[in-house]
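Next come two complexes built around chain A: one with chain B, the other with chain C.
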Partner chain A sequence: MHGAAQARKYRLQGAGLDLALPYLMLAPGLTIVLGVLVYPLWDGLRASTKAYRYGSPVGDIGLQNYVRLWSDVQFLNSLWVTVKFVALSVSFEAVLGFALALFCLREFQGIRLLRTVLIIPMVVTPVVVAIVFRLIYASDAGMLTALSQAMGGGAVQILGNPVNAFVGLVVLDVWEWTPLMFLILLAGLQSLPHEPFEAARVDGAGAWRVFADLTFPMMRPVLAVAIVLRTIDAFGTFDQVFVLTRGGPGEATRLISIYGYDTAFKFQQTGYAAALFVTIGLVVLALAFSAIRLLRRVDAS
Partner chain B sequence: MSSVLYKNVVKNFGALNVLRSLDLAVPDHKFLALLGPSGCGKTTALRVLAGLDMPTSGKVFIGERDVTRLQPRDRDIAMVFQSYALYPQMTVAENIGYPLWIRGTPEAGRKAKIGEVAAILEIGHLLDRRPRQLSGGQRQRVALARAIVRDPAAFLMDEPLSNLDARLRLTMRGEIKRLCQRLSATTIYVTHDQVEALTMADLVAVMHGGELQQMAPPIDIYDRPANRFVATFVGNPPMNILPAAPGEQGVMVGRNIVPLEQTRLAACRQAGIVEIGLRPEDCGVAQPGEPGALPGEIYVVEPMGNETLVNVCLEGGNVSVRAGRDFRGAVGESIGVAFDPANACFFNAAGLTAVHRVNSNGRDK
Partner chain C sequence: MSTRLARALTTIFVLAVVLLPIFWLVSTSLKSNREITQEGTLYPHVPTLDNYVRLFTEKQFGSYLTNSLVVTFFSVAIALVAGAMGAYAIARFRLPLAMEGKVGLFLLTLRIIPPVVILIPVYLLMLSLGLLDSWLGLIATYTAFNVTFCVWMMESFFREIPVDLEEAAMVDGDSRFGAFRRITLPLAAPGLAATAIFAVLVTFNEFLFALALTATPRAMTMPRGTATLIGRIDTDWASMSAAGVIGALPIVFFALLVQRHLVRGLTMGAVK
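So, the complex of A and B:
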């Protein structure tokens, strides 16, 4: 029948369009993602296998850039500084954030305001944070020095002293990113069921045992996710250090990101810098994967 | 084990008055069912006793001890929550053993005790599982096991069976009753299910709107309800209530006379009764126009298998009648409702029972 055939044809056309439509609608976004994300990545990978002179590629050298990294004392030192920085900052942020989240879980007058105030550092632009901390740390006219002089002391050396500068950087990071930990952990705490906690109180547990036996074990997955997130992010810390110390004094605060930046833009060794960042990327990726696997095992057992 | 006492306990949540001066005494070793409709304050009453909520005023005693200001852990009680409240990241064995572990019971003693209660509740094969790997009924048993693993002053249970399916509820009802009798434990059992309350408890306390309506043994709750609320809340189908007024030779229900003996009639007259209450099983179907029977017509017939519920439209309202399993009748058919006036009770204008039924246990008001 003519009518039936016509109807089937329309139906088929309709089905074809239905199938294609999602892809059509995804296409613009996908193109942008490919262009902005994948192409630079690919270009970076290619660059990491080339030798550069005065910022221009002068030939393929295979994996030599990668090999060279492991005998580069400056690289190894910056790696060590970064690991110290990440480990210290993230630990403090986790402990502080957890404590604050536990505290803010209770209901009392002004709690909403307190919660809001506590997340402000997170939303301030990192560069601005760094500038503010410069104003605090500066040995000539900084707030710390002013404070010390007001109490009869001398100038406070923060950014000029290797140990102090490093600690100062950690303090800055903790100040800025504890709120993120706090926020994630508070959300986690708020989503825990109420009854087991009441049951534990009736069963005879005091505040500490409730924390150790219930809160902490129940929060472990959330805590792990927060730590992994923060760790990955902390490995890429750049702007604060760049503004605060540029990696100095000496190499005391020279994180990988700063060293990579110097290699690429100061020393114009684009290929070597690319290899450095690819390596770090892989390290962070491996770290994240193993953390997530660990998490799964903890969760399943 | 100890007795439990609420003394003038008031609990407000902001402007909301949830408990209004609750007075309740549970004797040692007794199983008390706290019965009432949803939202009447049962859970609140239990939480006040557990120490999870502070009363706005009034006192709570466990044994001779005033525990009103004590922390839950210092009250020596065990509680089964409505949602079980198992510890999700602990195994069943760890859950059950937690109250012992907290008290520093050595490992060996703990293990023995866990094994013992697990055997009683038949969950010995589940000890290594985690709560999320259990069915509702199994979780419920674990919650019970965690409560009975110690020998507390009192057990508090908040609708522990409400999440189970009908069959399992039936079995667990019997099991909990047996368990509590065996432990001879002071138990406060919250429920909104009257069957649970009547079948399990030594004493039933009926609550409504934050107030205690009546506390009595189940049979008295059923046969001698203190007021209209208790009368209609307990019993399924509920007690029939019809407007009534004292007359010359008896109580007038509409234009019909319900003959009463002189003493009861006098009591009715004195109390100024306004309603008569009749349990469906105390009514029977009769021929229309039979003397003493109230005339009406069939509203609906519900065969239940073992009996037939007949809803009859009378002058003053509808009543349910329990008829035999082979009752047959058509909607709209004329019918009579017969009953022994001795089984009727009467309510005054305030809704209190002024005159009770006569025959049960031979007692009268």
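So, the complex of A and C:
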């Protein structure tokens, strides 16, 4: 009897090969991640302290690449364009997504169709999304020009004009990612407790009061998570700009990712580009973690 | 009555905003280049499939499609196996240095850093390994991204499955790994499927690394191949729109088929 119990315990804890099992199971995934993600991160840090000529390292220069960034007018401009792009896109997406989620909260005919169709923009290949918008904006073959001509107007210029091109890029991003905001916020709305709303209805509160006093305050954490998530992703936007404008006209839509890519692969300044990307990575991490910390504190109080 | 009308109008408006651009893409792909640039028609007056035929006969889209399918299949399959095992080890075992509690934060950190940040070193790595412009280079890169995502998703699925079931199986004579394979894995199948679906979507759509790591139809994927049609002085709108349709159609179809599972992946677990 004693022996059987002993044997059972032995079995559960594992013996022989089983003792090594956790490590054997972790090994493949860990190897790939360390080799292809973590090692490159480290290698990127190392490259950022070197000077390169025609793609090969020619000497250590310490932090000079990092110092140079802050006097590089093109870098500062691309940073500014990126911040503008992220702030504008994410704000519009949050407002539109929230409005749409409130609209869809009540069941009605057509809601299933609406939810299904809204999946499309965010799953279409980003490169194809950019092609779709080039086909809308193009001054010769574009939908806007065709519509304008059908109504007796002339060609519409979007991608050749700095302001219009930038707005056009924001519109693309809003089209592509408002559905994600909508889905997150709708799930948030659906999980709110019913009691406060019923109490408010009994008290005869108007729709606006209910929104301002109940819905919005209760939705703030979900809204914050959705905004942080989108902001992080928007900072790394590359594909859509690369295909839509390639950063132009001039530098009007040259996001930081595009500038970094060109610095590395077009101008072959590998070390400088590495420093640029390390900086961006650190900025995004700092933003994200301070946002997470802030959210935790709000949650706790 | 007026609320119902407002509701109907809003629904129609939203549907139009989402679908009109897609309609225009499909419509342009069915026109000849002459009709696109010179006549500016609102729908194809003389519909033709020539643009699609040309993609495959003159522009090597057969290769791009094959490359995409091969690279997506292998990188998702390998990541699922490696990721599921890794996630299980973290969910069930005590590891040295309390690693099992820190992996979540580690993966979150990797996920927050924009992928473009490691583009240069990954390029240099593949260059030194001689893996530029090859299936293997792309598969290795995508597998690494997918593993972090799979571990992140699968860990929570495994935690939801009671340990008792595995213990019972082991009392009945299964080994530790046998219990995982025969009991836990089948129970986690829905989670595994949701993870796989999202990984397929992201991998098939990936462009940035394909742009830097491939240069010829030998390894170019669909998004990468599509981008080669752009950037000349005379834009070939007809080919470009047909390529857009071919690139988007399978993935949209696939996504609508499995939309139930998509939301969790798209929001990185923020919404269940």
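Note that in this section the second predicted complex is superposed on the first by the 278 of 301 C-alpha atoms of A that agree within 3 Å, B and C clash if a C-alpha of one lies under 4 Å from a C-alpha of the other, contacts with A are read in each partner's own complex, and residues count from 1 in each chain.
To be clear about the criterion, contacts are C-beta pairs under 8 Å (C-beta built on N, C-alpha and C of every residue); 3 or more make two chains touch, one makes a residue touch a chain.
All of these numbers come straight from a predicted model, not from anything done at the bench.
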item	value
Fit or clash - chain C, chain B, common chain A	fit
Where the C-alpha centre of chain A sits as vertex, the angle toward chain B and chain C in the overlay (nearest 10 degrees)	90
Which superposed partner A:103 touches (first chain B, second chain C, both, neither)	second
Touching partner for A:127 - first (chain B), second (chain C), both, neither	second
Which superposed partner A:33 touches (first chain B, second chain C, both, neither)	second
Touching partner for A:44 - first (chain B), second (chain C), both, neither	second
Which of chain B and chain C A:66 touches, first, second, both or neither	neither
Touched partner set for A:211, first chain B, second chain C, both or neither	neither
Greater chain A contact set [chain C / chain B]	C
Which superposed partner A:200 touches (first chain B, second chain C, both, neither)	first
Per-pair minimum CA distance [chain C against chain B, superposed on A] in Å	15
Complex interface listing, chain C residues touching chain A	4, 7-8, 10-11, 14-15, 17-22, 24-25, 28, 36-37, 40-42, 78-79, 81-83, 85-86, 88-90, 92-93, 95, 109-110, 112-125, 140-141, 143-145, 147-148, 150-151, 167, 170-171, 175-177, 201, 204-205, 207-208, 211-212, 222-223, 226-227, 230-231, 235, 237, 240-241, 243-244, 247-248, 251-252, 255-256, 259, 262-263, 266-268, 270-272
List of chain B residues in touch with chain A within their complex	50-52, 71-73, 75, 77-79, 81, 83-90, 98-99, 102-103, 146
Residues of chain A defined as touching chain C within the complex	8, 11-12, 14, 17-18, 21-23, 25-26, 28-30, 32-33, 35-41, 43-44, 47, 100, 103, 108, 110, 113-114, 116-128, 131-136, 138, 140-141, 143, 145-147, 149-150, 175, 179-180, 183-184, 187-188, 225-226, 229, 232, 235-236, 238-239, 242-243, 246, 257, 260-261, 264-265, 270, 273-274, 277-278, 280-281, 284-285, 288
Chain A - residues contacting chain B, complex	193, 195-196, 198-206, 209, 213-214, 217-218
